[in-house]
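Just below sit the structures, each encoded as structure tokens.
In the two complexes that follow, chain A is the common piece, with chain B as its partner first and chain C second.
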Partner chain A sequence: MSVTPPFDEMHNADGSIRDPYLILDEWLKEQPPQALSLMRSDAESLFRRLGITFAVYGSNEGTEKLIPFDIIPRIISAKEWRRLSKGIEQRVRALNAFLHDIYHRQEILKAGRVPERLILNNSAFCPEMMGLDPARGVYSHIIGVDIVRVGPDDFYVLEDNLRTPSGVSYMLENREAMLQLAPELFQRLKVAPVETYPETLRRTMESVAPANAPGSPNLVVLTPGIHNSAYFEHSFLADQMGAELCEGQDLFVENGKVYMRTTTGPERVDVIYRRIDDDFLDPLTFRPDSMLGVPGLFDAYRAGNVTLVNAPGTGIADDKAVYTYVPQIIEFYLGEKALLKNVPTYNCTNDEERAYVLEHLEELVVKEVHGSGGYGMLVGPASTRQMREEFRKKILARPDNYIVQPTLALSTCPTFVDRGIAPRHVDLRPYVLVGDDVRITPGGLTRVALKKGSLVVNSSQGGGTKDTWVLED
Partner chain B sequence: MLGRTAQNLFWLSRYIERAENMARMFEVGYRMSLTSRREGSASEHLISMMQAAEVEEGFSRKHKQADVNAVAHYMIFDEENPSSVRSCLLAARTNARSVRTALTIEMWESINAAWLEFAEIRPRDVTGARLQELLGWIKQVSHTYRGALLSTFLRDAGYAFSQIGNFVERADNTARILDMKYYVLLPRATLVGGDVDIQQWTMILRAASAHRSYRHVYHDRYKAWNIADYLILRPEMPRSLGFCVSWINRTIDMLEEIYGARTAGHDAADAVTELLEGTTVDRIFEYGLHEFLTEFINRNNRMTDALAESYNFY
Partner chain C sequence: MKIAIRHQLSLAVGVGAARAVQHVLLTPLSGPTQTVREWSIDMPGMEGAASFLDGFGNRARLVTQVKPDAELLVTASGVVETTDRNGVLGRLPGEPPPALFRRPTALTKPIGAITSKFRSTPRDGQSRIALLHALMARVGEVLDGGEQSQSQDGASQSQTQAERPPSADFAHAFIGAARALDIPARFVSGYVADADDTPAYDSWAEAWDDGLGWIAFDPTRGVCPTDRHVRVATGLDALSTVPVRSIPAIGSAQVLAMRIEAAQ
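Moving on, here comes the complex of A and B:
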């Protein structure tokens, strides 16, 4: 295990303050002893009152939890952000080009740059999308790229999240909370706004409306309903961009067009931001037992009468096994070298790599190929002998079900915990919108592992969030 | 507007109004049980009150004895009672979550805060003075919500559906509160007009928060005829059937203006109006108060069905 300390985003190695954090540091020193805990409890009651909660599956009705909010913002300089956003833009352009290719001529498979079996036998590959032409050729319109930082200029992409990434409402509400709690900090620092996100989302959705839609297309958000864990976000986004929030039962398809049931009868729908997984979208095309979807929706989509945001089948481009090939994908479509690094990934179906993995489990991170939320994961350096033994057996039994990566020393940010301010590990999910252009909201959602030393930032595993400030020049 | 949104707004307001009225009904039954012992046992009063509130059947299925604690628990906290204050507040909040985008922040916060606060209460802590306090709080929740609605809600179709829901429910409840008189007195009809009778009519005025305003209108002692006139016909009394119905009519006209079309909802509202128009208290008593109220409640229900049909509730 590596002994180099993780990169501290606030402090240099000699203990001095890094530039972006100078003013924050001053401000923190000015705060009287109780001020921060007061701010924290204010923030909590604010979130609870607004109902910014997520439902916990398997618990009683009415049980909704708050994601802990850390009041110390994470700060990124303008220069750091420019670098990062260039890399993100490159990635999403390449991945959209990849999706278009995979669902058309499959040049990249013919060229042998990505193995054919990896795509065509993949459960995330959606044969129904073959030959279909989404508006402007965009497949993934709303993307949340998971990024970790290990050094001043060292950023790695962990996951691309091209399906239905969540969390953007936290980015927006965290900013609202900070504006209320520490307005004076915003006077001293020039923080790039994130409030434009809903308007940009609207603009993005309008730009991919079907050709036969009227000048001002009708946009809706499609939610599985109030019991979904991200329901708050669905209603929040619909509200913020002035779109109708619909459930499957509110929509129907007639003559290849989608309508919603209004008080005055059917009203045509042009663009659907769907927060329902592919499998449940349309019981006639995908899972026949889906009660959440809209029968006939896919046919309307295929006929070009409605746009689905994001398109079905985008999961093939953020599959954990395809992830390994993203640098080649970028080179193939853009002729450029990848600006952001991929985390090296061991393939357990390869005998040599598997042997290495099993020898070094205490240094590595093991993830399930289709896992999420931090479940089904082994973090080697924090694991017990027994846990490693368990994963050894699992990997041997189903080598194709796991990917293995070195443990990254995630950067830390100052975080307000029970014993005061202490460094905690963070990651970052910037949000990208792709329509007539690629637009990245400066900042994103910073997730923080509140437990000392923990590298798992998922809210289901005791993670919290922070407001993320990108400074303007 | 989605038909489902219209429906949710309609029911959201109904549930809030119902929570308030359940608190009012219970309060009356409770006071009667404390002060009208000569007229019957405590449990008889509570049972007639529950009959009027249409929760008595469910109560008897669970409880052998109608004592104050059991009734308070059933009407306020019991999850199995679909009309308990708890069920109403939860249903209101669930409806509100479904249509959050159609509500103002102020409306949402008033409902959400009420539910969060209510969910913290431990039923066994609520007895005696705390019970009175809680009943007051429940009414306050309804006032806060309505205040938020009136001062922040856009005057469009959504407002109309909320208002109709509110006043359909209120009319239903006032009719039931009045009908409670019928249940209370049923076994002792000989006493109609006596002192005791008046004491119970007073309770009914209290349930409608009308025992003081009554004096402003009638400058008279509490009299059965006046009280019935007040709660059924008086246009200036905001809980009277007449007031509720005229408000509903105005709101339905508003919908006609917004949508440019008359619907079956209007006809059903006319049927309710006919029942009240041109009638007098004398005629109502002649016809039978209970019969009159039953007919009113039925026509009121038919109006809900007609609106649901006309505006695509589902």
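Moving on, here comes the complex of A and C:
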């Protein structure tokens, strides 16, 4: 672990309050004892009423859980946000350009800037997408970029989520809750709104409707169904956008176009926000045993009669092995240096790097190349000897299946825990929408590791969330 | 050579399906070795079908039926004029980069008995074309049963002389070996007007040479395709060139009739 203490987002090194937190600090000091506890129980009943739950895979105590919410918001200054969002926009533009290139002429592979094998032999690469021109050239319309902060001006991107990033409903509900719990704070601070997200999502989807779609395109959200861990979010977003929530069986393809069954007859569908993974999207093209998808959907997409949001095959751009090349990808397409840093990553297929990794497992974080949600991950400083031994064997057996990174000293934010207010480690997932323009919702989802000292913020591993406030000038 | 083709298939989509959807790849395109004079596909739902190019540059059709009959008839027919270019196709516009066809697939796993001969061979000035010809010959030797072949998992394939493996196996073996040698190679489906053989929807392979572009090899016959071959679809392996995929699934379409007539 690093020797220097982690960056405290509320306090300067001398204990004074950092500017963005001055008003919050005042407010916290004004609160009578018990007020925060009361607020927390209010928040809990609020979330229960809203019905926001998430499913934990492999947990046997009921599948639905309430995600813990911390009532103290995280605050980011306007200046900090401007810097951060510039870096995010740069990344998102470059990754969409990368997707267009590898599904067309593959100039970046010919130039040798990204190894050809890493892309073309990758299971996340989708040959069926070759030569396809999605509306406006956009492949990934909805992106969540996972960012950690280690210093005042020091941000690292942990990973880019370009497939079907989840969690945006928490961002919206957290704000809704804070507006109800502490309305007076919004009087004192000018907080940039996040409530416009569903409307912006709708505009984004409309902007990428197929050329032959009628004036007002018909949008739907396609969900795998009620048993999916993010079903709540699917129905929530559909509701907020005013779009139909569909399962595969509600849609069908006829004469090359996609239709939705309705009580008044079939209705043409133009843009589909699909929350079904590529493999299950269409049994005619992908997994033939999939019951979740729509037969013929991919062909209708290829024929230009419907837009899929996000496009199939975007996973190649957020593959953990491709991640290490993002700085080169940005330089190649934009001719700029990356504004946001990548976490240095060890490649276990390299003998020297693997030897170092195996020697230093207790300091490092090991992730599965295709893992997500904090599953199949080793956090060295918090690991037992037995866990490290297990990962040593795994790495030796399949060195290409793991990436290894140093343990970052994630910044901390004041968090209301059993013993009062204490610093806890956080990360940030801002949400980006790409259509006729790149739009980043100010804020995002802050995830907080509620256990003291813990660096794992995943909700499936005991993490909670906070509202994220970006201040306006 | 003028080749007239009539290919009739039957798709058993089953009784009582509310809807059926097919992905049909039965349209030859004009290119350096062939000019399509006339071509049509006749099947239920074809009038409203969407037509588009797939990821490999093939002309595909998305065909649907409402309350389909249990058995659908598909008839592809037309006339294609071919030119013998000794298998050399060159570079075709609008196709994906050749590097794509280095991607390994489950059907194109290299067969040890074929690749072992080549891996250790020093290239000492041997051209890629000579290498590919040697590879094609070796595929014939191994798969024709002259030698006991070893598949990737080590299981020996016991074949009686009567059961010659289908042409797709030859193409896959050739492609797997070429890719193992880092040469882009792809699967081709099409018609062969072979006087000695029952007419069939057949398969062969194409391999990439930086100088000549794509070159076709027919490892089943041990020759480079001539003006008797009509290309219809290309892809990573047989799965990406299946003539008709369907939901409800049909297994493989049954060929009812096939007529291929060649005239000079």
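Observations, loosely collected:
Quick note on the criterion: the second predicted complex is superposed on the first by the 464 of 473 C-alpha atoms of A that agree within 3 Å, B and C clash if a C-alpha of one lies under 4 Å from a C-alpha of the other, contacts with A are read in each partner's own complex, and residues count from 1 in each chain.
Here is the rule we go by: a residue touches a chain if its C-beta (ideal position, glycine included) is under 8 Å from a C-beta of that chain, and two chains touch if they have at least 3 such contacts.
Because the structure is predicted, anything quoted here is derived from the model rather than measured.
In the superposed model, C is the one of chain B and chain C that contacts more residues of chain A. In the overlay built on the shared chain, the residue A:S235 is in contact with chain B alone; chain C does not reach it. Of the two partner chains placed by superposition, only chain C is touched by A:N121; chain B is not. Residue contacts after overlaying the shared chain place A:C246 against chain B, while chain C stays out of touching range.
Of the two partner chains placed around the shared chain by superposition, chain B is the only one that A:R49 touches, whereas chain C remains out of contact.
Legend: residue contacts after superposition of the two complexes on their common chain; A:P295 is shown touching chain C, with no touch to chain B. Once the two complexes are overlaid on the shared chain, A:M260 sits against chain B while remaining clear of chain C. In the superposition on chain A, contact of A:V417 is made with neither chain B nor chain C. Touching chain C in their complex are the following residues of chain A: 105-106, 109-110, 116-117, 120-121, 125, 127-132, 252-257, 283-285, 288, 295-296, 299-300, 302-305.
Listed in rising order, the residues of chain B touching chain A in the complex are 1-6, 90, 94, 97-98, 100-101, 105, 108-109, 112-113, 115-116, 119, 157, 259, 261, 311-312, 314. Residue ranges on chain C touching chain A, taken from their complex, read 19, 21-23, 45, 48-57, 60, 62, 64, 66, 94, 96-97, 99-100, 102-104, 236, 240, 245-247, 249. Of all the residues in chain A, the ones that touch chain B in their complex are 48-51, 61-62, 225-226, 231, 235, 238-239, 244-247, 249-250, 260-265.
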